[in-house]
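Alright, structures below, take your time with them.
Each of the next two complexes has subunit A plus one more chain, namely subunit B in the first and subunit C in the second.
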Partner chain A sequence: MKRHTVTALAAGAAIAALALTGCSGNSADSSSGSKGAPTLAAGKKVTITFAEAMASGALKTELEKVTQEFESKNPNITVELQAQPDYGTLKTKIDAAVTAGTPPTIAQVYGDWAAAYAQSEVLEPLTDYAAADPSATDGLYKGIKNSLYIDKTLYMWPFNASALVTFYNPDLLKAAGVEAPKTWDDFATVAKAVSKDGVVALPIDPGSSSGPAGGTTIFELMAQANGTPVFKDDGTPQFDSPDVVKALQTLVDLKKAGAVQTGTNYPGETALGAQKGVFDISTSTSFYYDQQAVGGKFQLAVAPVPAAADGTRINQINGTNVTMFNKASDDQKAAAWKYMQFLTEAETQSEWAQATGYLPVNPKTLDLPDMKDYIAKNPYVTFASEDLANSSATPPYAWVEEASGDLAAALQSALAGNASPADALKDAQAKAAAAQKAAQ
Partner chain B sequence: MRSSKWGTLRSPVAYLFVAPALLIFLVFSIGPTVYTFALSLFKWNKFNPALSKFIGLENYKTVFTGTGNPSFFDTLGVSFYYVAGMVIGGTALGLLLAVLLARGGRALASARTMVFLPHVTPVVATSLVWVWIFNPQFGLANLVVHATGHHNIDFLGDSRWAMPAVLIYSLWHELGFVTVVFLGGLTTISTELAEAAKLDGANRWQEFWFVTFPQLRPVVTLVLLIESVASLQAFTQFFVMTKGGPGYATSTLGFQLYQQAFVFSNTGYAAALAVVLFVITAALSILQLRLQGDRPAKAPRPSTFSRTTRTASTRSQSSSL
Partner chain C sequence: MTRRRIRRGRGILIAVAMIVGLAFLAPLLWVVITSLATRGDVYRFPPAFWPDWQWSNYSAAWSAAPWLRYFANTVFIGACTVALVLATSVLAGFAFARMRFAGRNALFITVLCVMMVPQTVLIIPNYVIASRLHLLDTYWIQILPFGASVFGIFLLRQFFISIPTEIFDAAQLDGAGPLRMAFQIAGPLARPSLILVGLNTFMGSWNAFVWPYIMTTTDSIRPIEVGLNAFYGVNGTDWTTLSAAVVFTTIPIVILFLFLQKYFVTGLYSTSGAVR
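Then we have the complex of A and B:
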């Protein structure tokens, strides 16, 4: 009896403490209103932290290099890079740090992550910062610029952007007597023609309910090419629209024909390298990794992603932006803003793009002489940049992460033959709509 | 140890000795458990607790009406599928291996080591290896499938195969432990009874089923308890191999708890799931301990099968084997 009383008291105390925490103000941290951008006194030393996922290969070395260049130009500012091995780990680390009340000064984020942070009032609005130099924002591609706002407030700044391209094995196409497909309809025909003798045209990873992967992105492009994007601009899911169902039906038919295969861990790249896959539809940053996988066995070719039936190219802005947390001191905020701007300067973007395969977010970059030389050697950058200029990103709303997981799960179920495309998408739509309702 | 005014311990100084352990238990087990229960009553905003809202039993309503995404009952079904596979399959195969390996000899000692070896490997690393074994295009598993004249199976991408695939991996990883526990149990049972049964004409199966197995019952109960609790809490292999998919086919309670708490930030709902998982685990443990307590192993008295004291009654008992 006594033990029960103690347990009950402990539980009651915990609930009371939580209730008090829940009711207590947190005004110092929750300021989201505009109060003007802070400035950093000349010569004042400050250290900022940057949580990022550029932890391997050229990404790691290049980010370290441009950061050192920034520090050389701004000797009073030190940037501590907190590299995480992948985006999943990055999100876990940022979430844990924010929960513990010790977020990094700035971090790489996807739009839906940023929306959740903004909703929780832990982000620093950047509208006033950008107001000091409107040309910096106006100089960005339209789609990139739009992806930075959450409910008309600037919360993000661009960093590593990319668009999808089609990597393929031209020898296998030639052997089958076909050419690189121009539209998704062409793609279906070509994919079936080349899939024989253990070769699969397009191995994809749909991802899972925890998060979509490249296969779901391809599916999203197909749906949009049919006329309906999977999310409206306001984040409302429209998974069960006829155009989306038609896109999934196409993928299911291709799977039944042996032209699509599901897998994990970049299956397109692996199969392309083993000459058991023909296409890898992936972001431009995969160029380096696909070349590594191919290893000189054949000349890797790159084409735009297949277009809509009328020839309109549909693409999607991939990659992340940088956001700032409002726990930082004013000096840190001022220093971080300076660093964020440095990352998007034309010269920095040129260096970054050439080393990593990401695309410049600033069209001025393409006019720089060294960038022109780079494009001459890598012609795909031209059409990938054109696609980037005409694309938009996944709408930045907090529920989009869960809804995208539902979409990936629907893709898995339909491709495994466990549900028809219409039923799988209807179920995903209901779940996504519920997630949207719960988050609003 | 008798009770006194100091409780179960005889001296107040004794409490000082157990205090560090109690403190650690309080901080790392009891405290978080109570805190989790409290969280389950909120729509909790982990990034900014000031924005959290007390919603009473609303999260439990979502759990028990099955309106969560995915439904709690679907998740529970997936969990029990996995638990049943591990408990029944693990116990049966572990016992079989233990009986086969129980005899001495250098070769069997090596075999024991080989059977136990997977258990000491990290689950993350070996799960990744098995992801490649189950790869639909390049995996070893499909070589076997081809050899039997069948088409490729997408083990981890097909809802019908994903859970069996995870079970195969998990059994591979866990069997060594279960086998060693049974081997330990086999060393403690009386060999005289088995010899007596043989003399009475029992075949190997009868000897095992009527003589060996009854004496192993406490060990079986222990294995059942450990396996069911461990299976209910299994997470890593699901995280690495399937991420709960395809669809939600391998989305167990443990995985959902992680997904809701750390992927979708539905902290309050995840806490409610954790409380339910805690209750289920505790109930299963109590049930099994009760069963063990109510029906203690009734090993036949050694004299019953003793060669020197064999009687007509034991003959008739043996003949009924």
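Then we have the complex of A and C:
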């Protein structure tokens, strides 16, 4: 569940290049967005490109399938999928293509990437497009809808959304005489109780300065459950607040008690499969891989992510959105918008969710008969989808990626015993604040 | 007594070599075992040391990508790159070793400095250049940028320096020009070094991954490493089929190495002039 790993060097080069691009190349094309949404002339043939990271397994085959369905319904539109192996490479490719003046028509993006592109004036504002059919936007989960805006302008459209859930081994919980934790406080108690005889409650990937990972997200949720999210809504980091320090102290204490272990490349999944880990707190899309890892050795159970002490469910929207580049022709923009809307139609979302494990982005999908059958077999989809209504994504600001790396480095450092939680977070706060200042 | 001591020392050396060899073989063995395991067994602890003979992993891996096309592309790209690298290494290596011109040493150091620049930094400017030259999504973009190797130039220069000057003096007296001396006298003498450079270049080309992904979009011109990505996803990895694919994509390069391994060793020694 590595959120996005891009080397700092490439990111630095890209930001500089994008800044230059924003100052020059695309200004001539940026006017069309503010003049209302373009329409595609009937029968006119057009090809659009979609830079994405759905390059393997079910993600690849399903995206190809729904794209073919779209093309058969819209024979004048061809969608060229440009699959990249991972989000890091995808970002490098988009950065390079934008800098070269040849961006794709649309691309999968995280909010902070989109913020940087919007700052460089290479994105097409979608507000006018969505105004033509407000029900499309209003039909989305509230949390999803909120994640699409940058400074109150609609720049993104949802695509592959997920939320965190708790995968666990019920046999190991039963053997220790405990139940699945309801709150983070419960979790700390249960984690210590089950961690014995070579079994670790929660293996996590803390991430590093080059990028946050699944463990960083867990830490962020714990901080928010304590009362303070690691970023304010305006993207200001608040890493050194007492609630964030307390969350890191909890993780450090759990590590000292042998209930948390650090690793890389999905350590929760690996340990769960080896029956050496009890919990894997990961996105709903990990269900397939966790099932494969377990391989019938026990019945994999899924619960909501632990809540705050007062029972409030706190979750984080993961996954990416789709954005449109203003370099595209009006015909391409109109065709791309049609494709983007097709991707979020209830029927498409149902098919996509069932094949990939991502969550539907609009609640209407859950009412479809085939989706009801799917939910009957995978009940976790209901509570994970509900979390999309009440959760938020990482704030869409250009510096957030670098700041998240600083936070991950602090987590790594404190868990390794190289610094106290307070000192590690103080250092991360200073670096993140500097990154914010530099980007503003 | 002395013979016994020598024999004992030799025995210790062989034992150490075997342990080191096994340590290097262990990951490969692990990949082979994983390629024949069930998905649940991949995560079993303690791990299984005997394969489960799931040959279906191989058929699943084979049908996941157009491997023959990828093989053909990789061989073509690798062969063209090797040919270019050998030509440019001989030319530049000979010039730096045997020709006298102003700024020769400064230029050589500049060439060496290229090795110090991380490739990541260059990806975006390189993409822009490729875009301007209309080389994106072609075979050329996978060959031309790698057509000169700093390692090759350095290795050949070191070798050419070690060749006695009299040979070139005699050739010059017989009317040979610099090109003829480079390709008909120095080049053939540097055969072990050339093979080493060629093998390294071919392996680098075989292992190329991020570059072709960034610079190309069409599957029909992409190399073999790109196919391996079919099993590595943004949310997890299909280890059994990935391992199966790794096994059959690695076999050609291992066979190549087994046939030509002596050149790796002699090529390395040749840089110090120990082997002529």
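We adopt the following convention: the second predicted complex is superposed on the first by the 409 of 440 C-alpha atoms of A that agree within 3 Å, B and C clash if a C-alpha of one lies under 4 Å from a C-alpha of the other, contacts with A are read in each partner's own complex, and residues count from 1 in each chain.
Definition applied: a contact is a pair of C-beta atoms (placed from the backbone, for glycine too) under 8 Å apart; a residue touches a chain by one contact, two chains touch by 3 or more.
If you're wondering where the values come from, they're calculated on a predicted model, not measured in any experiment.
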| item | value |
| --- | --- |
| First, second, both or neither for A:Lys297, with subunit B first and subunit C second | second |
| Touched partner set for A:Ala416, first subunit B, second subunit C, both or neither | first |
| Which superposed partner A:Ala274 touches (first subunit B, second subunit C, both, neither) | both |
| Touching partner for A:Thr92 - first (subunit B), second (subunit C), both, neither | both |
| Which of subunit B and subunit C A:Tyr288 touches, first, second, both or neither | second |
| Subunit B versus subunit C as contact partner of A:Asp406, first or second or both or neither | first |
| Set of subunit A residues, in rising order, touched by both subunit B and subunit C | 7, 10, 14, 17, 92, 95, 99, 265, 270, 274, 276 |
| Of all residues in subunit A, those that touch subunit B in their complex | 7, 10-11, 14-15, 17-19, 21-26, 29-30, 92, 95, 98-99, 116-117, 120-122, 200, 203, 207-211, 261-265, 267, 270-271, 274, 276, 401-402, 405-406, 408-410, 412-413, 415-419, 424, 431, 434-435 |
| Contact set on subunit A toward subunit C in their complex | 1, 7, 9-10, 13-14, 17, 53-57, 59-60, 80, 82, 84-87, 89, 92-93, 95-97, 99-102, 265-266, 269-270, 272-276, 283, 285-286, 288-289, 292-297, 357 |
| Subunit C residues within the subunit A interface of the complex | 38-45, 118, 120-121, 123-125, 127-128, 131-132, 136, 209-210, 213-214, 217, 226, 229-238 |
| Residues of subunit B defined as touching subunit A within the complex | 30, 34-35, 37-39, 41-42, 45-54, 69-70, 131, 135-138, 154, 156-160, 242-249, 251, 259, 262-265 |
